Amino acid sequence: MDWLNAIIQGILLGGLYALFAAGLSLIFGVMRLVNIAHGDLIVLAAFLGLMITTTLGINPLLALFVAAPQMGLFGYALQRWVLNRTLGDDILPPLLVTFGLSVIIQNGLLEVFSADPQKLNAGSIETASIAVPGGINIGVLPLLMFVTAVAVIAVLQWIFYRSALGRAFRATSDNQDIAQLMGLNKSHIFGLAMALSLVVVAIAGIFLGIRTSFDPAAGPARLIFGFEAVIIGGLGNLWGTLIGGIILGICQNIGAQINPGWQLLAGHIAFLIILAVRPRGLFPRVDG
Amino acid sequence: MSDTQQYAIDRFSPASRIAAVAALVLIIALACGPWWAGRADMRLLSELFLYMALASLWNLLAGYAGLVSVGQQAFVGFGGYCLFAMTMFFGIPPLMAIPVAGVAGALISIPVAFLIFRLRGAYFAIGTWVIAEVFRLSAAQISALGGGSGTSLPVTIVKSIASSRALREAASYWMALAILVVVLAIVCLLLRSRRGLALTAIRDNELASQSLGIDIWRAKFFVYVLTGGLTAAVGALIFLQKLRISPDAAFSVNDWTAFVIFIVVIGGIGTIEGPIVGTIIFFLLRETLADLGALYLMILGLVAIVIMLRAPKGIWGFVRQKTDLDLFALSRRVVTRKKHQSSHANEDNKGEPHEPQTT
Amino acid sequence: MSDGFLEIDALSSYYGDFQALFDVSMQVGEGEVVAVIGANGAGKTTLMRSITGLLSNEAAMVRYRGQAIGGLRADQIATLGLSMVPEGRQLFPSLSVEENLIIGGQIGRRGPWGLEAVYRLFPVLKERRSQQSTSLSGGQQQMVAIGRALMANPDLLLFDEISLGLAPIIIKTIYEALPGIIGGGMSAIIVEQDITRAINVSHRVYCLQEGRVSLEGSSKTVSREAISNAYFGV
């Protein structure tokens, strides 16, 4: 029964990883940008949640509604005034600038909040659980995270394929020049994509902070989990990313079940195996 | 009526000839370090040499082969762990263990390359990071080397390098200088070879060089394995000097990749001089600003971003643009010569008329 | 002739160090159709990219209705009523036919053109409205590209290489539709390699050769000999 439990908890954990991954996947889809600072932005959002909960004295789940627009605005500004200047044929500038950003965020958080681990306290919901037949308890919080992840991906999917904004995203991604001729300002479109990405990052960051303790150095690991979920699921496929996150979560929990030291290693190895066997991921997008 | 001009390919400019002589003098002067430098200075210089070597290798990888790795700490740590394992378990002398670690690093980089070469561009970068994480987590599982908390090099092994402390420190200094010279020599020779020319072509235009019949995959693979091996050798020496190893220190992304990337970006990526200039600037900054702690790192990150946005060729690129200096005699330049001065340069001519003059 | 609708004044354009246009001057009047002809590499596409803002220039080099637009971004110029059917169609592959059309109209200028008007012009597109644009034939793709440009309700429509790579029967269809498109008083610049068609459809013609204007004249009066001299630089 431990194993079944490990798998179920792994699936729920996978929802969180899909949240880490969704924002990364979104901006890659729109502007081929891989944001090395993505994980650090997740941790930044967690610290932002901490500040909001302590100053306003509200539950972190409510703080999300304050943090998300702030992160979105920050994302728009970051894209328009910094990252847009790096985009072009050369992959080096965006990579190195976001890498520099990652170091700045990590050390900025260290300077302000010290290296002590922090946690967001969501109150009684953290310990509540639902008993299901077979002696397995499903935590309300992990379930909420999973449902949120599914909802976030459904919304992103809808925006991308059904809304005017998504049409603009896809058009700009297909052909920047021609999109400009249609009156789309690509700097603005890219800014909106990053804003949306950081709104998702805010959700991911707050959930991360409720689920586990975090410190300024916790970012890179989150970037890597998100990245692995994206590659396992297949580039450019949001639902695939969710499945990628679930696979990662299950593998980590099974690894931990065998030996606590193997938790992260098992996830990485699963990723490397999929990379070796199916380098385009399990569900790559079929380009028409 | 002017003389017909003839064209030849020349790599040495007067500046690079002077630089070659100056470099030789500098190396000899540095090799005499133990006689003129204090203990602390030698330690600082050793560290500088090792960072310069790491930066030159990363520059070769990212600036020439276009393989932007943020996971070279995998090889630094792997080299360090190899050295500890070989000296402690197999009794291999530490000095021997360094080249062996280099070979081991090159060998392990082969399967790694097969895996992560499936990822493109920026995803390749994160892939290298995953590999480094796998190495770190695996090292933490080796209980004979202290698991997650690491281990120190036994005194007997330390003493086997040299009997007196002064001599050990001198030896360690010389090794750092030697490995830097070896790395720089290999990078220079590689870039001046046919293969280097192919790499430069790939850097300038991957698609065009593919159509010229350059096997890009093989060229990149070769550079990846070479830098993997050399980085592991440098890593072995780094941890021989530290005398203590732990997974977090050995596979630190900040120490072995972030700093190295900043050095190369600040100095100038895609030039041999860049990492050298960058390392010197990095150490000057560090010695003056290190008291600021986290703030210092933020400044470093900010400087790197500003340079990447404003002067993407770095400080050396800026100098070069202004002066056309090329100290390592790498670029081939077409020089014009008066006809009577040159009789051997005709093979390289293209499209220029050089029939005898009819005056 | 020059009513200040579109004036290009001593335009020079560069790709990096390479100069593609040298002091090109041309005018397009309101309601006028101008043909631009020239051999491959003469600078026709560069001229189109400069007018639409895909290549940036000094502001005063391109003036539209008296406004210096040479320094504006392509999306800003588009909102002023300039629209282009680009060379090689360049539809958005991840958008359906209808989405391609809708995105063409998203700047929201008022005018006669809308989805229904485009479907009346090219009924076949209505049948294929939900297909991916890449699944269409070359001629149908050109129809989408034209429809997409019309959706913006432009005052000046640029056709870059209107018939390049299309079958003769398709070219004929497109040219038959052309009066219905630009008949309503719209100005147009048509880049075309087929000299006869270019002259028949236009009021005036410019010939480019190696980045310079080698001929300018009324389509009715210009002689074939003058054109071929200007075209081939004899």
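For reference, chains read A, B and C in written order, and residue numbers begin at 1 within each chain.
Keep in mind that, in the parts below, a residue touches a chain if its C-beta (ideal position, glycine included) is under 8 Å from a C-beta of that chain, and two chains touch if they have at least 3 such contacts.
Every value quoted in this text rests on a predicted model; they were computed, and no experiment measured them.
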Ordered by label, the neighbours common to subunit A and subunit B are none
Which two chains have the most contacts between them? A-B
Between the Cα centroids of subunit A and subunit B the separation in whole angstrom comes to 34
How many Å are there between the centre of subunit A and the centre of subunit C, using C-alpha atoms for each centre? 44
CA centroids of subunit B and subunit C: separation to the nearest Å works out as 52
Within the complex, subunit C is touched by subunit A residues 164, 167-168, 170-171, 173-175, 177-186, 287-288
Residues of subunit B that touch subunit A when the two form their complex: 62, 68, 70, 115-116, 118-119, 121-123, 125-127, 129-130, 133-134, 137-138, 140-141, 148, 253-254, 258, 261-262, 265, 269, 293-295, 297-298, 300-302, 304-305, 308-309, 312
Name, in rising order, each residue of subunit A that touches subunit B in their complex. 33-34, 36, 82, 85-86, 91-97, 99-104, 106-108, 110-111, 220-221, 223-224, 227-228, 231, 261-262, 264-265, 268-269, 271-272, 275-276, 279
Note which residues of subunit C are touching subunit A in the complex, please. 52-54, 73-76, 78-79, 83-84, 86, 90, 92-95, 99, 102-104, 106-107, 132, 134-135, 148, 152
